[in-house]
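The following pair of complexes shares a single chain, chain A, combined with chain B in the former and chain C in the latter.
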Partner chain A sequence: MFYRLSGVHHANYVSDSRIFKVPADRNLAIFIFLFGLAAPFLLPSLYLNSYMLPWLIWTAAALGLNLVTGWAGQLHLGYAAVMAVGAYSAIHAARFGVPWEFALIIGGLASSVIGSLFAFAALRVKGLYLALTTLAMQFVMDWVLTHSPAISGGSHASLQSPTLALLGQDITSDTGYYYVAFGWCVLVTIFMLNLKRTGLGRALVAVREKDFAAAILGVNSFYYKILAFAASSFIAGVSGALLVATFFFLAAPEQFSVAVSIQVLAMVIVGGLGSIIGSYLGVALILLVPGLVNGIVAGGSQSLGMQINVETLAHIPNAVYGALIVIILLIEPLGLGKLYGNIRDYLMVWPFDQLRK
Partner chain B sequence: MDWIFLSELAINGALTGLLYSLFAIGLVLIYKASSVPNLAQGGLTMVGAYVVLALSHDAGLPLWLAIPLAAVIMFGLGFGIERVALRRLAGRPVVMILMMTLGLDIFLRGTTLAIWGGTSRSMELGVSYDPLFLGDIFVSRIHLVGAGVAIGLFVAFMLFFRSRTGIKLRAIADDYMASWSVGISVERGVGLSWALASVVAVAAGVIWGEIQGVDQALSLLLLKGLTVAVLGGLDSILGAVVAGIILGIIENVGSDFLDPLVGGGSRELIVAAVLILTVMIRPHGLFGRHDIERV
Partner chain C sequence: MTNRQTETGTSDGAILECRGIERRFGGIVAVTGVDMVIRPQEIFGLVGPNGSGKTTLTNAITGFYPPNVGSIRLAGKDITGTAPHKVAKLGVARTFQNLALFNGMSVLDNILLGRHIHMNPGVFRTAFYWWAAKNEEIENRKIVEEVIEFLQLESIRNELVDGLPIGLKKRVELARALVAEPQMLILDEPMAGMNQEEKGYMSRFILDARAERGVSVLLIEHHMDVIIGICDRMLALNYGEMIASGIPKEVVKDPRVIEAYVGGSHG
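Then we have the complex of A and B:
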């Protein structure tokens, strides 16, 4: 139907290696991009700032984790720690007087360096044991953050972020914050879309599928694993810095705790490993639905005249969040991206169904 | 260094370590049968403690009745979790199974707190808080009881693995394809291992609930349980007990040395360091099998 392949011919390599081979995909991407550009004029500022902005920044972060977990196949349970490194270094740099553009890059590079340490664990073990090591590293990082006042900002363990300023412009309006987040998310998305067209992306996929088979093909799996960790950590660092600069305004160690690492991994897996649109959907589901359900329960119980304990209400989002992970994994272990892919494949040959397997 | 003080630290550390073993035994039971790293053990422990509380304090049953009843309920819950959530993921990549157990953990924690509320409650086992002196060494009574329970469970499982059902479980742990072909129901065996781990979670929940109160913090013991399980070898119950003692001693004595240097709170750091070093140096742990795939 919408995704019609009829009339789409790839007669040369250039056209065959386009990002969007199906016109409908390109049109959808352009439509979403235009909607993102126009969002400040379409949505009230409450929705813009408390839903759209975190959604975009977390999507950028989730795409970074997807690079290392989805593309390179390395489990990573310490992603929030890497984000924390970026956030704290960028904010310290900005407080020191470094322009924000450079502060963000410093944050990203600092994250890359620390994130590559995680890669050395990946050089030794994989699978479950890698997950456990990165989890332990996350605890070490948490400990360092909470126990060094020089980093976390003194007795109250919070660090005020200075006013964000990019290209000589102070950014203080909601719209401004939104566009910064939007710009970063678009950049990361374009990088990830292009990744599968490059030698790097193919090498990462080869390492994921079987590292010694990749080695036989001449792919240096050590090098590409470190590269994957460094690149994803850079994305994590800048995302973490932007998260604090445009959303929290105050950096605190709890913002980058183990629970957050698990949350980002949940976003990636619920979205679908290696799927870009899946990351968008996964973040939306994990970030927004629990609050939504809570609102519905609170509203519903009020209109029905039932009394629900305040404490119960406070814990419902958590229960819903866990239930969402379980349910999505039961329905489709490959995530929302795969569900979207199924619909797309079906529409591609509609009204026939020979693509269904 | 005062020798009496040092041995006091070591003995109390070993007792605490045996309490971590309570956690680790649950992890090992499931990992042995199905190679599933059960990160939901913390959530299960919390549910176990809250169910005991609900039966004893809310429903007014005496503790000696409430605890076995809770064990029966948790047995069913563990069986159910395996049937509904884990069986459909069999054969999937470990990342999805890991995420499933993490999701279960979050769900169990959220649901428990939504039902019973987050304020810390006490278990009131009736164990006296008076210090117990063995010679010059001061020992906490409840830790002693807990260590006894851990060792009791260990002996019980050793005996259980000699029974007919236990031998089936061992066969499944060894090679599930072969077990299948000789007519052992692998599904039921794996389900049973989840049920047994949930029963162990009741024991851990009761003892830890008595020590630090029944609240969300119970599930934070997961890192220590995991470290003990990995250090002992993920598929060895004996390993879980020995590693528990070792980790407890290292943690207690080490933190006493390190705390003045780094300004307190070095326990977490030591546990994380032990976990990282174990995985880096000897991923199969002290007593685990050597079939870990290295890069």
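Then we have the complex of A and C:
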């Protein structure tokens, strides 16, 4: 149902290496893209700015982490620190008078450089040890940010982001911010989709799965690990900069604390390692569900005429959302992306799968 | 060791030349004093009981465990101690005794990875796929498809490697090694666990690979019938030392080889 393989014949290699080989997948992607384009006209600006925009930017960031953790298999607990480097570099560059287009690239490149330092740790240690090393680097970055007034303005200060301007246009409207986030998320998504069908993606998976087998095929795991960290850090840096420029408007060290690092990792893991649609779903779950549950609980208690005190009300969403993460990972350790894939695979052969049983 | 002299004498134009290889792990001497010369387009057998140092010798050649003593030359170029990924770029491909396929990937992607040394993947090429990577991917796909056809893997092209039977996995691994278009192909027990028919297929594939692609093959095997059937020359190891080398039919009659394989005089 919906997804059909019958009648889909790839007669040449170009057609067989398309991103979406199944027409239903392609149509779905086009539909979502068009919805994204039309969203400012369909959704009230409150939803657009407090839900859609952060969702898109965090998805871009999560895809970057997915590149290094899902594809290259390197556990990374200092991702928020890398985002902070990009955010602060870009904002300082913009304040200095650099046009925003270049400021964003400067932010990305600065993140790449710092992020590649993380990679040098990755070349020496693996697994839990790498997690701890990157975590330590997160703390170092936190300390540097809060203790160097030149970067952050001091421990309790925040840095005002100058007005965002791209291609000679000042961007100040909600719609404008949304389209910037949307454009960035689309770019990152296209990159990740291409990663699935190119030599780079294959080499990263090879390094993740069996490094000795990768070596005998000529894959230099040293080089590809650094490349994965550098590319993912670039995405992190630009995402961090855009997050401040279009959402927070002020940069403060606590926006990129260790809790945020863990949250992004949770997005990627709940969404599914190595899954692109999973990152979208994972971010939606972690970012949007607490608010949603809050609304449901508050609305429900009001309509039932129950009195719930404020403290309980604040805890219920957290409990529900924690439970949801546990349940999802128990049902499908590969996350929401895999759950979607299961449904898709089921529909692909429905109703003929009944014949096999 | 009657053939030893002729063997060491013909190192000119050899594709692979190992001299006095010794490799120790702590106090254990895994391989010592091994000389091996493989000529172009030769199928060279390497036999020996378990633990005799066959795999250690391959690991020395491919750079995983560089030899403590001795030198290795590939087509005249010294590759002693070169890192594995560089050895691969110089034209050595190998398969592993216990398989080293990427289980989470499709057969096609596994074989495409064999083309890695002929490709130039990078971040920008991935980002600008349509302009920078598409042609390269398609060109390499064509070469991969030729090998898929050669090894008759068409029907499982898009399947995950994980669920395949062992015989097919071995064939996929051979395909992955062949698409790299190596000068030197090292096959570490490609027929372990195969029945007579599968062994026949595999032997035919190895012979065809040489005939059509001109590779030289170093074949590690326990099946003596295969060694005698398809190898031009062979070397037998025991306890890390060479015990016999030369034409397979003669080597297998060597009393030391018989003793190493079958055991001492059981009367």
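The criterion applied here is as follows: the second predicted complex is superposed on the first by the 344 of 357 C-alpha atoms of A that agree within 3 Å, B and C clash if a C-alpha of one lies under 4 Å from a C-alpha of the other, contacts with A are read in each partner's own complex, and residues count from 1 in each chain.
Basically, a contact is a pair of C-beta atoms (placed from the backbone, for glycine too) under 8 Å apart; a residue touches a chain by one contact, two chains touch by 3 or more.
Quick caveat: nothing in here was measured; it's all calculated off a predicted structure.
Visitor: Check the contacts made with chain A and report whether chain B or chain C touches more of its residues.
Guide: B
Visitor: Just checking: does A:Y321 make contact with chain B only, chain C only, both, or neither of them? Give me first, second, both or neither.
Guide: In the superposed model, A:Y321 contacts chain B only, not chain C.
Visitor: Which partner does A:A231 reach: the first (chain B), the second (chain C), both, or neither?
Guide: In the superposed model, A:A231 contacts chain C only, not chain B.
Visitor: After the superposition on A, what does A:T198 contact: first (chain B), second (chain C), both or neither?
Guide: Only chain C is touched by A:T198; chain B is not.
Visitor: Name the contact category of A:N220: first (chain B only), second (chain C only), both, or neither.
Guide: After superposition on chain A, A:N220 lies in contact with chain C alone.
Visitor: Name the contact category of A:K210: first (chain B only), second (chain C only), both, or neither.
Guide: second
Visitor: Where on chain A do the contacts with chain B and the contacts with chain C coincide?
Guide: Residues 221 of chain A touch both chain B and chain C.
Visitor: Would you mind writing out the residues of chain A in touch with chain B in their complex?
Guide: The touching residues are 69, 75, 121-129, 131-133, 135-137, 139-140, 142-143, 146-147, 211, 221, 262, 265-266, 269, 273, 309, 311-312, 314-326, 329-330, 333.
Visitor: Given the complex with chain C, which residues does chain A contribute to the contact?
Guide: 13-14, 17, 190-191, 194-195, 197-203, 205-206, 209-210, 212-221, 227, 230-231
Visitor: Sort out for me which residues of chain C touch chain A in the complex.
Guide: 62, 64, 83-85, 87-89, 93-94, 96, 100-105, 109, 112-117, 119-123, 125-127, 129, 133-134, 136-138, 141-142, 145, 176, 180
Visitor: Can you list the residues on chain B that touch chain A in the complex?
Guide: Those residues of chain B that touch chain A are 37, 84-85, 88-89, 92, 94-96, 98-100, 102-111, 113-115, 117-119, 223, 226-227, 230, 262-265, 268-269, 271-273, 275-276, 279-280, 283, 292-295.
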